[in-house]
Amino acid sequence: MQLWLIPLLPLAGFTVNGLFGRRFSKGVVNAVAVGSVVLSFAWVLKTLIALGVLNTAYSEHYFTWIQSDAFSVGCDMSVDRLTAIMLLIVTGIGSLIHIYSIGYMAHEGGYYRFFAYMNLFMFFMLVLVLASNYLLLFVGWEGVGLCSYLLIGFYFDKKFATDAGNKAFIVNRIGDFGFSLAMFYMVRQFGTLDFGTVFSKAPAAPESALTIIGLLLLLGAAGKSAQIPLYVWLPDAMAGPTPVSALIHAATMVTAGVYMTARSFAIYTHAPVAMEAIAVIGIATAFFAATIGMAQNDIKKVFAYSTVSQLGYMFLGVGVGACSAGIYHLMTHAFFKALLFLGSGSVIHALSGEQDMRQMGGLRGKIPWTCWTMFCASLAISGFPFTSGFLSKDAILLAANHHAPWMYWVGTITAGMTAFYVFRAFFMTFFGDYRGREHHPHESPRVMLVPLVILAVLSLAGGYLFKIPEFLGTIFPTLEMPEDFGLMAIASGAGLLGILLAYVMYVARPGIPDAIASSLRGLYTLVYNKYFVDEIYDAAVVKPVVGGSRLLLWKGMDAGIIDGMVNGVGARAKSIGGALRLLQSGNARSYATWVAFGGVLVIVALGVAEGVTR
Amino acid sequence: MDSFIVISLIKTFVIFAVLMTTLAYLQWVERKVIAHIQVRPGPYRVGPHGLLQPLADVIKLITKEDLTPPYVNKPLYLFAPFFAITMALLSISVIPFGPTIEVAGYRTWMQLTDLNIGVLFILAVSSMGVYGIALAGWASNNKYALLGGLRSSAQMISYELPLSMAIASPLLISNTLSLRRLVGTQAGNLWHWNLFHGWQYVSFIVFLIAGFAETNRVPFDLPEAENELVAGYHTEYSSMKFASFFMAEYANMITVSSMATLLFLGGWVAPWPEQYGSGFVPVVLFAGAGIIALMHGLNPARKRDQYTLPVVGVIFLIVAAVFLLPVVQSWLLPLFWFLAKTGAILFAFIWVRGTLPRFRYDQLMGFAWKFLFPTAVLNLLATALVVALVS
Amino acid sequence: MDVILFLVFAIIAVLAAINVVVQTHPIASAVSLIGVMGSLAVLYLLLGAEFIAAAQVIVYAGAVMVLFVFVIMLLNAGAEVRKGRSFMASLLGAPVLIALLALLAWFVERIYPESVGVHFGGFTGGGPDAIGRALFTTYLLPFEITSILVLIAILGAVVLARKEID
Amino acid sequence: MTQVPASWFLTLSAVLFVLGVAGFIFRRSIITMFMSIELMLNAVNLSFVTFSYQLKQVDGHLFVFFVMVVAAAEAAVGLAIILTVFKNRATLNIDEINSMKN
């Protein structure tokens, strides 16, 4: 079936563009980069059609990667229904965003570099999704992290961009540390990293081991998917180009944590503590990020916190045992959040780089396509009835209610806040009077609008096209729970209330927000500054680590002991060399004589050895 | 064992004698042909139509003062011409002129010795030939000679590559390095020759061009370009030492021609089988030549021709008659075909000398490296591909 | 017959090799070295190494040594001047050489006391077909690597020997 | 005695090798030193071929072949270096080419 072709096509694109892109025209770079991803998408479609219903996983073995005694890791890839969904999301949305990037990046420098990194990202993401064991998944996991770092720091001449890249990379290290430990523990416990074997052995393993593994995996997932306490990197990651935010930091990479926890479901079902931790972290993140999102003025920051919050929903879904609901939300979120980012990118593009919503307004008439596609996405994310976002969010909330009612209520409040801040952003951008400086906001080119329209359709109707819970019924246990229209009505009512509130505050009575902000100054400052989490982390973690490193590791360990050893060796070598230098007469014939002398010695030694053996 | 040595000695003697005569008369042929190309009679005084001119030349060269100039490096100065002629004659020893013959009950090959690696042997020996020229140029202690020697060594090394590459292609087809078996694989008729059968037109032409350069012949006679270098590497040589270089050049020409015949033109194989009358070709040719000579003798251009032409005509007729004798036909016919083919190529050598100007030195090297060598390599690759696909 | 052949060419080889070392003029050394190589080629034939014998003459005598002669002529290198000295070489040189020769000879005699006899035709596996077969099967990788080495050497020689880069 | 002992070949090889070493140590001209290296290589080749004869295997010939190719490459590069050295220093005496000292 040639599964390897799926990731290798983008890799080929990366290789070609990375090596020769500098000499290519933009058309050729486009053709290579977009073509490779679209071909990959086509190959995914062909493969999935050929594989049919996929009741059982289909896997391919390529070669044994690591072999050590009984432990062996192969380069294996497999496709089951979960993978199939992820493949479609990654390659499908990836293709749309690549097409969009043609228009968005048209006037940027480092054009080929951007597309090369994007293709490399696609490669690693597909490896991550297709991997059939944890180690190969980890390869993709680290690879997407690398690409994320590269693309966040794409404008490497700007300090904040490179800082944001570093932050993302370092925070992710903490999560990856947890992931690595989890893998070590798995090797110790199960003797393998292969999904199938691990999951079949999991029920027999002691619960404590599974809990430890589960919590460590959760740490990894929290890093990659920006959950409390490791979410801080994602808002800063918006320093990258907007298509990157859409592809990596909304639709695909950040959902890798959700995918990984869902994939490890067999472990979590036997580790209820770890599972509860997922749910709690998820709901806490969802609520917490939503509150921050309400007070942000940078359009991309709003959506970044929204992403963190929505990821929290997905974790909540997985944590309460409704994995399929979590994956369902993962997919719909990929549609509407990608659309929101691409739409905001279109706005930014229209305003020549302006990101502050206070400098926008009234753009509805000037960029109508962007406006109305974003409206669709906003409806979807708000859980407006019968949009796809409504379907997936409701599935999660119902499952949460089934698990613990307080989670449902917190989730519902969060849903209301979500609707509020999304529509706040929408109204501030498109309604009211134009407050910006750019005189001629222009609609984006068609190559950017087409992906927007496709995603808008998917945001509204995607939930009906792909009925994920039914589809994943073979993999994850379906939760038996009654359809509760009352709860559904409350949740969507909260959303509608949020929309209404946003309309009143930002369209009907524009004076209200300032009044609220000044009356609740303390709270507003706290939220506006994101609860000072960055500052707290800085004081509590970064400063001590840096200070300790400087004093102990650098001055004491490195300069004192290691350098001392090296310098000492060097000094001894120097003095010995000084003595041996006398042999270096600079006369080649002397050297030749020494070589011949050495040859004689070797022969004598051989003779002695031979005499001994005889 | 003893008979082997005796036969070998006899063969050596015969081949040496014939070869030396041929070398001398090749010079006469060359002068005659060039003269006719330039519309002049050529050697005419010594003997009828200058036929005794080679003899006179030999006497002249032997009796000339053998001068050793001062300040030469004497051992090498003496060694160089000896080495050149030795190497030139050595390569003849493995060239087969015809199939096995039976003389007085002894079966033997018309060849001094056959080597498994005959082709390699000839390449090796011809690659040694460069020393004669290079050392002669150096030992003469003369700047013109030195320049000539330098030029020739560079030229011969350069052209050895396309030569080897061109040789490799027919070897791929014939799948042997023995010259004798090489001919065996081309037996039959015209269409079995490597030239036609293997589509070796390119390598044949490359071989000839590189052969011209290897033998330092026009248009590649830069080492002895007289208007630049006096006489090149043999400026300081006289008498028999000069003659050695001279003979070496002609012997090399014969070697190259024979190699071309063996590699590409099927050696002593007739162009079409004997049952279709190829055996009568020499008879017809010689008889025709004899009749023409007799007819010219009837109304001679000069008075002397009244006697000489009929004599020549009668000799030709006798030769034609000899070709009809069944006893000698078995070995004379292959020999005839071999000599005819070799002679045709030798004629091409002379023809080119009569018509083409000399190259400039940088053109010469550029031609070898930038055109001839890549062409030969491409041809070799194509041949290898075809051979691999067909077999 | 074989013994005579061996002795004749071995003596030629040794004499020529001594001449290589003794002659002060490079070109005399070069010509002597060609002599060594030629006689070694004959000995190779005696040992049944037809292809190697031909390659010895073509590659060594016909190409490598021509290059040497060419360079000597190009530089017009004269007899070497006895200028400068190596203390080490003059002090240790001769004893080391004698020791080396003695040891090597001792080894040969000790390890090959009942040595096999060499006679012409005793080994026939050294033809071009056998070499080619081994070269393109067992030794394919070394062969390809060597070809790359030669390519690098050509480039290196061109870079080193060309005129100043302008 | 119609056969030549193989040890004679090896001894000849040893003698040639030692002569090569002697040339390398005692000669002062770079070119002659270079030729001494070739002499040593030839000596080694002779032992390879002898071993090949003794073991009735063709492998020794292959080694000789590779040695030849390497020697050819070495000669090309080495002579180019000699040319460059001569161009820069106008001498071929190894004892005068010692600027690596100090």
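As written, the chain order gives the labels A, B, C and D, with residue 1 at the start of each chain.
Keep in mind that, in the parts below, a residue touches a chain if its C-beta (ideal position, glycine included) is under 8 Å from a C-beta of that chain, and two chains touch if they have at least 3 such contacts.
Quantities reported herein were computed from a predicted structural model and do not represent experimental measurements.
The pair with more inter-chain C-beta contacts, choosing from A-D and C-D, is C-D. Subunit A and subunit C, compared by their mean Cα positions, are separated by 65 Å. For this pair, subunit C with subunit D, the centres built from the Cα atoms lie 5 Å apart.
Centre-to-centre separation between subunit B and subunit D, using Cα means, comes to 37 Å. Counting partner chains per residue, subunit C has residues 51, 55, 63, 67, 72, 74, 84, 86, 89, 93, 96-97, 100, 104 touching two or more of them.
Annotation for subunit A: residues 585, 587, 589, 592-593, 596 touch two or more other chains. Shown for subunit B are the residues in touch with two or more other chains, of which there are none.
Pairs of chains in mutual contact: A-C, A-D, B-C, C-D.
Within the complex, the subunit C residues that touch subunit A are 84, 86-89, 92-93, 96-97, 99-100, 103-104, 106-107, 110.
By the touch criterion given at the top, residues 21, 24-26, 28, 33, 94-95, 97-102 of subunit D touch subunit A in their complex. Interface residues of subunit A, counted against subunit D in their complex, comprise 584-589, 592-593, 596.
On the subunit A side of its complex with subunit C, the touching residues are 585, 587, 589-590, 592-594, 596-597, 599-600, 603-604, 606-607, 610. The residues of subunit C lying in touch with subunit D in their complex are 1-3, 6, 10, 13-14, 17-18, 20-21, 26, 29-30, 33, 36-37, 40, 43-44, 46-49, 51-52, 55-56, 59-60, 63-65, 67-68, 71-72, 74-75, 77, 80-86, 89, 93, 96-97, 100-101, 104-105, 108-109, 112, 115-119, 122-123, 125-126, 130-131, 134-135, 138-139, 142, 146, 149-150, 152-154, 156-158, 160-161.
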